[in-house]
Amino acid sequence: MLRSKGKRLARKLVVKRGKKTGAAPGTLVHIGRESDAAVPVRLIEYDDDEYTDIDDVDPERIARLRHTDKVSWLNVDGVHKPQLIEALGKELGLHPLVMEDIVNTDQRAKIEDYDGYLYVVLRMLRFSEENNEIQSEQLSLVLGPHFVLSLQEEPGDVFEAVRDRLRAGRRIRFMQADYLAYALLDAVVDHYFVMLEQLGDQIEALEDELIATPSPDTLGKIHHYKREMLLLRKSVWPLREVLSRLSRDENPLISPETRLFLRDVYDHAIHVVETVDTFRELLVGMLDLYMSSVGNRMNEVMKVLTIFATLFMPLTFIAGVYGMNFEYMPELEWRYGYPMVWMVMIATVIGLVVFFRRRGWLSL
Amino acid sequence: MLRSKGKRLARKLVVKRGKKTGAAPGTLVHIGRESDAAVPVRLIEYDDDEYTDIDDVDPERIARLRHTDKVSWLNVDGVHKPQLIEALGKELGLHPLVMEDIVNTDQRAKIEDYDGYLYVVLRMLRFSEENNEIQSEQLSLVLGPHFVLSLQEEPGDVFEAVRDRLRAGRRIRFMQADYLAYALLDAVVDHYFVMLEQLGDQIEALEDELIATPSPDTLGKIHHYKREMLLLRKSVWPLREVLSRLSRDENPLISPETRLFLRDVYDHAIHVVETVDTFRELLVGMLDLYMSSVGNRMNEVMKVLTIFATLFMPLTFIAGVYGMNFEYMPELEWRYGYPMVWMVMIATVIGLVVFFRRRGWLSL
Amino acid sequence: MLRSKGKRLARKLVVKRGKKTGAAPGTLVHIGRESDAAVPVRLIEYDDDEYTDIDDVDPERIARLRHTDKVSWLNVDGVHKPQLIEALGKELGLHPLVMEDIVNTDQRAKIEDYDGYLYVVLRMLRFSEENNEIQSEQLSLVLGPHFVLSLQEEPGDVFEAVRDRLRAGRRIRFMQADYLAYALLDAVVDHYFVMLEQLGDQIEALEDELIATPSPDTLGKIHHYKREMLLLRKSVWPLREVLSRLSRDENPLISPETRLFLRDVYDHAIHVVETVDTFRELLVGMLDLYMSSVGNRMNEVMKVLTIFATLFMPLTFIAGVYGMNFEYMPELEWRYGYPMVWMVMIATVIGLVVFFRRRGWLSL
Amino acid sequence: MLRSKGKRLARKLVVKRGKKTGAAPGTLVHIGRESDAAVPVRLIEYDDDEYTDIDDVDPERIARLRHTDKVSWLNVDGVHKPQLIEALGKELGLHPLVMEDIVNTDQRAKIEDYDGYLYVVLRMLRFSEENNEIQSEQLSLVLGPHFVLSLQEEPGDVFEAVRDRLRAGRRIRFMQADYLAYALLDAVVDHYFVMLEQLGDQIEALEDELIATPSPDTLGKIHHYKREMLLLRKSVWPLREVLSRLSRDENPLISPETRLFLRDVYDHAIHVVETVDTFRELLVGMLDLYMSSVGNRMNEVMKVLTIFATLFMPLTFIAGVYGMNFEYMPELEWRYGYPMVWMVMIATVIGLVVFFRRRGWLSL
Amino acid sequence: MLRSKGKRLARKLVVKRGKKTGAAPGTLVHIGRESDAAVPVRLIEYDDDEYTDIDDVDPERIARLRHTDKVSWLNVDGVHKPQLIEALGKELGLHPLVMEDIVNTDQRAKIEDYDGYLYVVLRMLRFSEENNEIQSEQLSLVLGPHFVLSLQEEPGDVFEAVRDRLRAGRRIRFMQADYLAYALLDAVVDHYFVMLEQLGDQIEALEDELIATPSPDTLGKIHHYKREMLLLRKSVWPLREVLSRLSRDENPLISPETRLFLRDVYDHAIHVVETVDTFRELLVGMLDLYMSSVGNRMNEVMKVLTIFATLFMPLTFIAGVYGMNFEYMPELEWRYGYPMVWMVMIATVIGLVVFFRRRGWLSL
């Protein structure tokens, strides 16, 4: 089971780009999990008194988005249809490189500012308890003056609570698109904590196992989680910089008020990064502990072996001597030869026990 | 016992936020230890000639705080009642994010400056000798023009000496709110040294144990303290930056004179951070020493085993040969066969002892 | 096989410069693989409506390059003929140090800007599945106002796709020389991913082997790949800075539009560097796992040995006792002596088995 | 012996501050070694033609110091009398925090500039050959316009050579107080080299011991010196920054000429820091070597055991077979049974020796 | 042999300064290898048409150097005569600290700019194949407006090629003193590559030995080279900064054209530093491999021992049983007792072999 995961891990690091290599930049070739699923484009449009939610918006409507004062949130659940992305991109005036990054689903988290909009890539992470590994999905966010475009690899997301707040007409309805973008980022980072909790529970259980019943299997699990931490670290590390830049750079698309909120998400991101590092160091400490325990147990086994061997070898030798068939062995004929041999043997045992006790070996 | 602590450590790293995920920012949901205790709001108000101390101030009074020239110190012992925090926050004009951070008790130490006040989060740490672990409590400080608001998770604090000085009418009574904030920070950081002393004593005792009577239990303790250091480091590291910014940034709320004093607290904070690092490296060194000792002891055990086995195996073999029942074994009938065998055996032993001595193995 | 590779690795790090030491700067002495192959200079010249491709251009033609508005791409497949490089360099007005760097094929990736042109050195890397090692070739790029000069060590490159796009008359034909340079850099970095994929596959296979059938040979392979990662890291690390400077510095030779594209290549370069680091950490983790497994297996072997030895030593001793030839051994004459000895033996075995079970050793 | 040192090391890291915690800042409570010794205040006053040296100056004199053009050097040998420090501090106009830092003898090296004077804390270190540990003393320097105040914990210092030069009327007499401060710093840092030499000799001797006659005691010493390096590093690391700031910051108290000399001391400080790091890495390397040697020796012991056991076990078994008492064992009655058994045994030994030789085990 | 080297290494790190401690700055006390050799001062003076070479120049001539337009190169082969250095220094107007640094031959590489001249210290390194260690010599360079002063510890240097070029009247004759200084630096750094090549060859040979015939001696060598790398790293690391500052800082003594050349030397220096780091990591990897191999071989030895012991112990026990002398042992009298025992034994062996095969232990 662990082996098959090994396979998948390496593939997570470098997604096969065979079909892509050598292509001109801006060529939209999807890199990632293949799929044939339909890709609905959901549009939520709102201002302080109106709220519209269209499950699958039609293209003309999108063209009009740029000329409205309402805030629009376009959410696309799937990037495996390059032609759709291209159409969307053209309507919204996106740079070819942005469209390329959207369909190449192995990007690092990054932020790029283009003329008139901001492009943010994040990794959405979830811990799959089924096979104990972290799964990663690319989320692209485009923040324009009055719209947010979010693109995910698969249906199902962590934004339901944001939609609820929009529907409920709470504060978010009075804010601009930058606040919506913040709310989405916040939801993603908040979900990291859920994953960290699950991971923390696993690591705790593993530590209990390590102390109670360490086995080679425990070692395999420590190794497995260390590897997952490697991957996780690679995913969350660049997040730090993305959020730092979002909350610090002066960008006309983001109001000072929203920047305060982004500073808060930035704090959370640092918390996530540090927790991942701490988990990793915990796992390294557990590996050390495992190695030391193996050494300890070996020592114990060796002591038992040594005590038995050094006790019985002299005794067996003595018995062997008097099992020899020499014709002239005077002891054999002594009346008390046999009891005397027993006494010699007992004395030997006592001597050795005293010797071991002095060396502190009998505290098994 | 160590296992149950393991559990708690991981929980310290990521506090369960299940109920929080997806909530709008500024939603006050308490994250931390649940409690039903009443939350008294203690107000100390003073200037150079007056000093008032009210155990549980009533709300209207707080509203008036902002319009007085006296220095007010509001201390709240418990953040598990969000509605209280909300009421307080509104009276003092705090940003929703500040209120949120106050009730979420797993913050990293940080400093944020808002319009008209400074918000500082610190971790108060104490070493519990009972279960040998470090306990952490979140302290929020809000420094306004004439007031300091301090919020702790639980009653009982390290500020008694500050109150004594206030009551005694010493220099602190002639100073502004920034100096009071400094005095509180100084008390917190000073208390870190008490904790470090206790930890230092424990680590020393552990080192003595390691050298005198190392056992698998010692290994468990080294691992335990290494883990505590991980946690401690995560708590004190950001403190450095908080105090650096407090003592360096030009902020109208903090007078240059107070900044000098904050520089002093900053020096202490660096001292704390470095001591934690040194403790950690000491523990790593102890782990190495433990591992090497295990190797050494194994070597010793092996030498004893090898000496016994290599001495007695040839002897037992010789005895075995003359225990064979062949009809025609001339040696058995020799007059001096038996003594000769003994001499062969003794010669074998001498030869082996010489061999071992040359290899330097007999210096047990 | 691994040994011969070892040799080559060290040579990759420091190319023999015996013949070079002490020479004046600007002396063109080729450092690298010797060769007698002819060195064709291929010229591709284009603008939006014309495209010329000359396999081996003659020298006068090069002189004219600087006075045309078309974009020219001069590609040289081999730097082992210093006089050719010198001639080219003079025609294009290159600094002696640039020419020297071109023929010394052990440069780190770097970028230098000279008056009127940019000089970039990169390493082209490919993974040779034949002997499982990474092979490295130096690529020098000179970007002038209307031309790009590319120099490789050997024929055969990763630029075929770029040539196809040029021939096909796509967007690249409407762009200037800076875009061509970008296209070449992009092709090189894109090819790194191909190499990383191959390496990733190898490391995965190695991990499978490590978990299924670890052997000393596995250890040798882990060591081998760790060494390759060392070399690889040294090659790709400076790439980061080169691309960072290309995409950030304001240089009149590079248009703002192209800078956007270079920023994209920079992201890829960071991805490469991080993946190399992750591979390395994976290998370190695998080494740890190997070491722990060796310890585990040793422990298991020791347990089997100890169980056998401690079971049979007492039994053999008992048998030995009743093999003694004393004349007066009453047990020997007892009617049920023999069965009683068997019962004693069986009791001993049962006692030891219980002892081992309590220590948890019988869960072989 | 090593254990008692362990105790002291931890105390060096955190000096007990029980009596101090909670005190107001500026409260002078001495933290450090208690003492009742008298504290002489020695004054040396000089300019280019006059030189006065007063062993224990009386207080009024100090007040006049600030109004003279001569350079005054006040040296205090002991800080355990807070009232004396307070008196001195008031005469010279020192900030309460400076006085507090002077009497708290566990400061890190630091530099602070106050209005009109500079305050520098350094650690004076010496290697005590008696118990092989580094002893540390706090030196406070206050540099004013015409005076230097130096405060040490104990009598006896490294400044005798400076006094000689002052008495001898050499260049130092023509310079200002900043040059005197430099001369004192230089003397302290120069003395570090004496300590490093002694440490270097100890480490060399230890390395010789490690290679010639490694023993568990060697391991204890390596651990001991590694710990001392930890402490030493903590002491010298901040020195770097202190001297860097002294030699770089523009401060009216320090002339550009003196800054050149301070740059030189800064170079020495870097040399010290690097040497400490190198010593530490040497010790880590020695620990690795020790561990590997233990493994090597274990391997050797195991080989000897295995060779003996595998040679004699089959032989003993064969002898055992023909020691059986079956009535019908034809071999026993054969005429050449006994010699044949010997031949079988010899053949077995030869076979095993060949087997071992092939595995390369007989090169004991 | 390795031990005597150990001694020398530590001495390299801290040169005995006993005689120096406490001396006034600018006191010229030679620290380094003592010698009585004469110290020739060689003067080479040139411009584009003249070239003079004087083996041992007389002092008055030096005074005139500062008033000529020709470029002068003064080379001093030995710094053990402080009075000579002092005389030279006075003629050329050097600061006392420069003269002090020249005679103290344990300086780190550094660059200092004084009024009117630059002072550069470098370490010249060579690998002595005789005792496999790196030897280090201090080179001081003073670059003035029309002269370069170079001071070495011993005769014999790497500058012969530079002299040849000067004699031959090549480009260097048309350049100023800054170019000469560059040429000397370039020669020194170029020589580092020769040393790295030799080291690389040694490390390769060591790796071959490690894979083919690892022995405790191999371990000693790995440790030795790791230590040499420590020293080497300490020598070359500061070189980086020296050359970085030389090639970047605007200094009127260095022309922009020469700065380009210095940038090239800087690239080489980085290459050197990285190669040293890579060598070190290679050695660390080799140490790991050695340790793992030791574990592997131990495992193998243990398996052989265990197989033999577990095979023969039951057999010997069975033989022992039927060697007992009970009067009533029915089996002994059975007609087929003896063959049956053999069959039991053979069955036991087969059972154990099957057991071992299942555990995968018989693939010796």
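Here the chain labels run A, B, C, D and E in written order, and each chain numbers its own residues starting at 1.
Going forward, a residue touches a chain if its C-beta (ideal position, glycine included) is under 8 Å from a C-beta of that chain, and two chains touch if they have at least 3 such contacts.
Quantities reported herein were computed from a predicted structural model and do not represent experimental measurements.
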Chain D and chain E, separation of their C-alpha mean positions in angstrom: 26
Computed distance of Cα centres, chain E from chain A, in Å: 41
Residues of chain C whose C-beta touches two or more other chains: 291, 295, 298, 302, 305, 309, 313, 316, 320, 323-325, 329
Pairwise touch network: line, ring, star, complete, or other: ring
Starting from chain C, with chain E taken as the next chain, the full ring order: C, E, D, B, A
Residue numbers on chain E that touch chain D, as the complex places them: 2-3, 6-7, 10-11, 13-14, 16-18, 20-26, 95, 97, 100-101, 106-108, 110, 112, 114, 216, 219-220, 223, 226-227, 230-231, 234, 287, 290-291, 294-295, 297-298, 300-302, 304-305, 308-309, 312-313, 315-316, 319-320, 322-325, 329, 331-333, 335-338, 341
Complex interface listing, chain B residues touching chain D: 158, 160-162, 164-165, 170-172, 183, 186-187, 190-191, 193-194, 196-197, 200-201, 203-204, 207-208, 211-212, 260-261, 263-264, 267, 270-271, 274-275, 278-279, 281-282, 285, 288-289, 291-293, 295-296, 298-299, 302-303, 305-306, 309-310, 313-314, 316-317, 320-321, 323-329, 359, 361
